[in-house]
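What follows is a set of structures for review.
Next come two complexes built around chain A: one with chain B, the other with chain C.
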Partner chain A sequence: MTDAVEGAARPLIDNTDSKRPHGLLLVAIPVLLMTWLIIWPIISAIGRTIWRPDAEGNVGFSLSSYVFFFSDQYSLNNLWITLWTTLMCAILLLVICLPIAIYLRFSSGRIPAYVQALAIFPMFVPSIILAYAFIRVLGPNGMVDILLNAVGLPKIRTPYLTPWGPVIGLVWDNIPLTVLILLSGLGNVANHAIEAARDVGANRLQVFWHIILPRISNSVLVAISFAVLGIFSSFTLPYLLGPAAPEMMGPFMNRTFREVNDPLNAITQAVITFGFCIAFGLFYVRSVARNQGK
Partner chain B sequence: MERFIPAIFGPPKVEPNRAPIDWIGIAFAALLSACIIFPLLVVGTWAFTEVWRYPNVIPQQFGLRFWGQTLSRPDVWGALMLSLQLSTVVTLLSAAICLPAAYAFARLNFPGRNILFFSFLAGHAFPKFGLLIAIAAIFLQLNLIGTFWGVVLIQLVGTLLFMIWIPVAAFQSVDRRMEEAARDVGAGPLRVFWSITLPQAGPTIAAAVLLSFVGTFYETEGAWLIGAPGIRTMPVLMISFINNQMVIQFGAVLSVMLWVPSFIALMFARRVIGGGAFARGFGG
Partner chain C sequence: MKRRDFMLAAGAAAGVAMLPRMSFAAEGVIDWYTSSDSNILDFWTNTVKPAFEAAHPGLSLNLVDAGDSAGIIAISERALAAKQTNTDPQADYFEAADPLLPNGAIEAGIFANIKQAGLSNYSKVNPAGIQSDYSLPYRGSQVLLAYDTSKLDPADAPKTWDDLVAWIKANPGQFVYNRPDKGGSGGNFVRRAIHQANGLDPSKFTVSNYTQEFGDEALGKAWELLKDIAPSLYDNGAYSSGNTQSIQLLSQGVVTMAPVWSDQVLQAIDQGVLPPETGLVQLQDLALVGGFTRSVVLETGANRDAALKLADFMLSEEIQSAILTELGGFPGVSWDYISAELRERFADIVPLTIPTFPSGAWEAAINDGWYRNVAPNVDRNS
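== the complex of A and B ==
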């Protein structure tokens, strides 16, 4: 993908004199669709939540829906559980995926190929099937309970319908892209840099800390940003695997919009999730654009 | 299946100097098999189980009875047909509007080309469900909630980035000198496009179209939020099966059935998703 885009920056035939606008016509429909269904809803959501009628019907600047959110204990609990879940997932993803990616980078043969195939595999399992498999394996009287019972051990305390349920599901779901992004970053670590460090007596931990980590820090941040954007407002897995209360922002927004039938507060919640993710989103877009533009 | 994946996703190789037993690799392989393959095997087993009571490690009775029961449910057929319809309509619309745009981005020079090209990332810079709520609020005013075309629109937006960026790369990888040569011997622009450009870019574009079909088939959140209560796609039906704790095997049978399109996508992905390039596409 990237290599091809590089070609665009330096076309074989230099047609700088043909800078005509008729290309605009061909891209008009997708661009208009994107403007109407992505850019406009975001602007409209912000506008409608800060610029709205007060008690007398005069339209004006008002932050009352935000004041309500941040003074409502139930909303705050939901925000808190979302932040906790996102943080736990980010930590677990790094702890799981970094060793896998480093192992894959510095080994070859059939076992690494198998490990990589497994690490990519969840990308091809829809999250709805994942949720079902989770319940059958870790749910009450699930497969893990069956196996523990067979060897005479007590049952587990099932993570199903606890805050750990969504954490486990979301980590499972996000392993493939995290591994791929980290692996791509590890491609920038030159073998001779590691050999040189080894030659002067550095141990594995020192090599990781002083040679590998500084070179992949950007990829780590991209992987985290991507995971955070996906996890913070995830819906399906928290809805099916998480507790009813407190609930993550995704199920909370869904319930406010559909069951409570309160679009204004649902949009307020959406804008608040935008606010919490804006830094990750900007960083992510900057990285992708920079990579594509290289 | 695993045989194919290394070919696409092969890690950057380092020359092996000696071959001791790869204990770390074996540990990773065992752990990942237990965490990733095992749960899916359990689901697969449930789909072909007739009786499996709690303390037994192996089901008491295997059989296909629940396949018959699942497939004779009208709501399953309705959801399957609706999902196929939706995926087809969305994929065709997406191809119709995105492929010309991709060609323009790849080949034509026009004002604002770069900024417009990268603007398609905007949808990925925001948390998805928050964005869906914002769109749903607009659809509420337009009475598009609970309608077929509301779901089509929301799923169409989800395919834009994919259906533009991958074909752009495909058009750009076409050898321009062959096109020039064809033009030199008198072929018209359409002839060049049909005989030179399309055959070279075709396979990648076909894979993008297929992946967008499969992605739309599994799209859950937009269909759930915008489609309810009128539009019940396969994943939405599956959610209600899980929530209502119906017969366990229904969910298992649906999972196995639902997984078939994913398997096809996996087969095609090795063409489109080249490991490093794919990750770089995600900013890695």
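== the complex of A and C ==
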């Protein structure tokens, strides 16, 4: 051990060069790309919706498109269904993924490996294929109905074309990422801490509540904010599986832009969606910052 | 061959194949582009190309998929630029294009005036399909109603709008149409409701006569009709998200009837997606809206004259009959020029008229109005 310590007299990360701009140069390209392709369009979108010509052609400050959005019941319904879908997905993801992750963390052997492969599988299925498979299986007269019918049970109330359609599809689609993040968080939970708790007589629930949960709360936050960001602005699954109205913000924006030929309101919807995503994003940034501060 | 050599050879071959092809328009090879679906490209490859090349020795077709209409417009823009430098645009024939796009293309003289080109078959073209002297309506498709004959006797199939509404209400949950902006079959069903609400007169609507007041009044009446049937639709008023999804619901036996595109449904029957017993019916008081596909010939193309021969060939009875029998489309010529036997066979789907509905501002108004007025006003849980 002492040899190793002496050998490490030169630190692994050499900070003497930090005054040189190499690091900055390395991040310059992604930062420039992000500024050009993401930050600038955001600024331009916000600018174009609040600073635009009025009826006489005088360019001036106007919030009328936002006033329209927040006074239009149809738009508000769409925003509400988006928030509802996102919340439902977040709850279901936690309920489904946490037990899977805990199982994978605390068991070994061949079966957990299969379970893990199965949990990661949705990652490799494109969502458009998932949508059509969903219709064949859970759709009306689909496979589930056929199986139920075979054993003499009534048909299910199909979630296809109802708000539950996108929820089921999006949860399935987001399981792999959530399980992976939770699993990496569970790596922080030391076996001996759990064994110690067991030794003093803690039951399973107490172990989960007092030992595991505090150590992975950060990962839970990260996993949920990742999933929520993707779900809030998702397009394919709500478009194919959801009802015609109310529709989620993704299909709503796309339709306003392409089919209604109304770029101003489409951009307004995008800015509002972005505002919500920023709020979720801040959770993530905060938890990362807190982690780095440790 | 060793694995390594094979990989090298395969890589080189793939690389050569991916090189941009530097080709110059060859004499007698018509450069043809389409923006349509793959069924159209198949039809041209398997039916039109062999027939045309057999009838016109020395001419051949180079069939290229331009992707979508934006792809065709990009090639037109290239032709516009080529015209300014008097170079060959390397394009002769667009299978489906709008000569008004890109702006100023007709004025610049890159498209041939088909009316004055002296096509021997031009007089046969269905006058209802002619929109411009610079485009040639050569095929069409129309929306009609497909139904499951095991649940609905063909003798009882509705033939008027009122019969259809009565049938929908008498059989709740057995009818579905898709959202009007997500596919023409539902879109044109909605347009038929607009015709119904406005005195069955398609000529009331033109591409330039949309105003807020007229639109609100004319469409408002149609929304009332559609809201009226909404509770009797599939799942108390659910709307599928495209042409294919409607056919899927029909094929799974979930609904009994749905509006479908004529060519899509005939193909679905042909491929076994729908059973051969599927019934097809067109409303006889006023048919559901249809549309024509129009071809454009490039005036500046190296093979302009050969391309016009192709355009003329497309109007021949041989091809027009094939459009009906093989494509499931709809002839571009008037029905009088189709053989009596075919007219008989497709009598059910042949309307006396092919009503059309203008796009432009009307389209946006319909797409927005339907979502705001028809789609949400249903209590789905009742």
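Rule of thumb we're sticking to: the second predicted complex is superposed on the first by the 247 of 294 C-alpha atoms of A that agree within 3 Å, B and C clash if a C-alpha of one lies under 4 Å from a C-alpha of the other, contacts with A are read in each partner's own complex, and residues count from 1 in each chain.
Just so we're on the same page, contacts are C-beta pairs under 8 Å (C-beta built on N, C-alpha and C of every residue); 3 or more make two chains touch, one makes a residue touch a chain.
Being a predicted model, the structure only gives us computed values, none of them experimental.
Of the two partner chains, chain B and chain C are each touched by A:L240. Of the two partners, chain B and chain C, it is B that touches more residues of chain A.
Of the two partner chains placed by the overlay, neither chain B nor chain C lies in contact with A:I224. In the superposition on chain A, A:L98 makes contact with neither chain B nor chain C.
Look at A:F121: by the touch rule set out above, it reaches chain B but stays clear of chain C. By the touch criterion defined above, A:V167 reaches neither chain B nor chain C.
Looking at the shared chain after the overlay, A:C89 reaches neither chain B nor chain C.
Legend: residue contacts after superposition of the two complexes on their common chain; A:N77 is shown touching chain C, with no touch to chain B.
In the superposition on chain A, A:N141 makes contact with both chain B and chain C. Applying the stated contact rule after C-alpha superposition, one finds that A:L177 touches chain B and leaves chain C untouched. According to the touch criterion, the shared surface of chain A, contacted by chain B in one complex and chain C in the other, consists of residues 135, 141, 239-240. Against chain C, in their complex, chain A makes its touches with residues 74, 77, 135, 139-142, 158, 161-162, 239-240, 243-247, 255, 259-262.
Listed in rising order, the residues of chain C touching chain A in the complex are 179, 181, 235, 238-241, 245, 248-249, 252-254, 363-364, 367-368, 371-372, 375-376, 380. Every residue of chain B that touches chain A in the complex is listed here, in rising order: 2, 5-6, 9-16, 19, 22, 24-26, 28-29, 32-33, 35-40, 42-43, 46, 54-57, 97-98, 100-101, 103-106, 108-114, 116, 118-131, 133-138, 140, 153-154, 156-157, 160, 164-166, 168-170, 172-173, 176-177, 180, 218, 220-221, 224-225, 228, 235, 238-239, 242-243, 248, 251-252, 255, 258-259, 262-263, 265-266, 269, 274-284.
Within the complex formed with chain B, the chain A residues making contact are 1-5, 7-8, 11-13, 15-16, 18-24, 26-27, 29-31, 33-34, 37-42, 44-45, 48, 99-100, 103-109, 111-122, 124-137, 141, 143, 145-147, 149-150, 172, 177, 180-187, 191, 219, 222-223, 225-226, 229-230, 232-236, 239-240, 249-250, 253-254, 257-258, 263, 266-267, 269-271, 273-274, 277, 281-282, 284-285, 287-289, 291-293.
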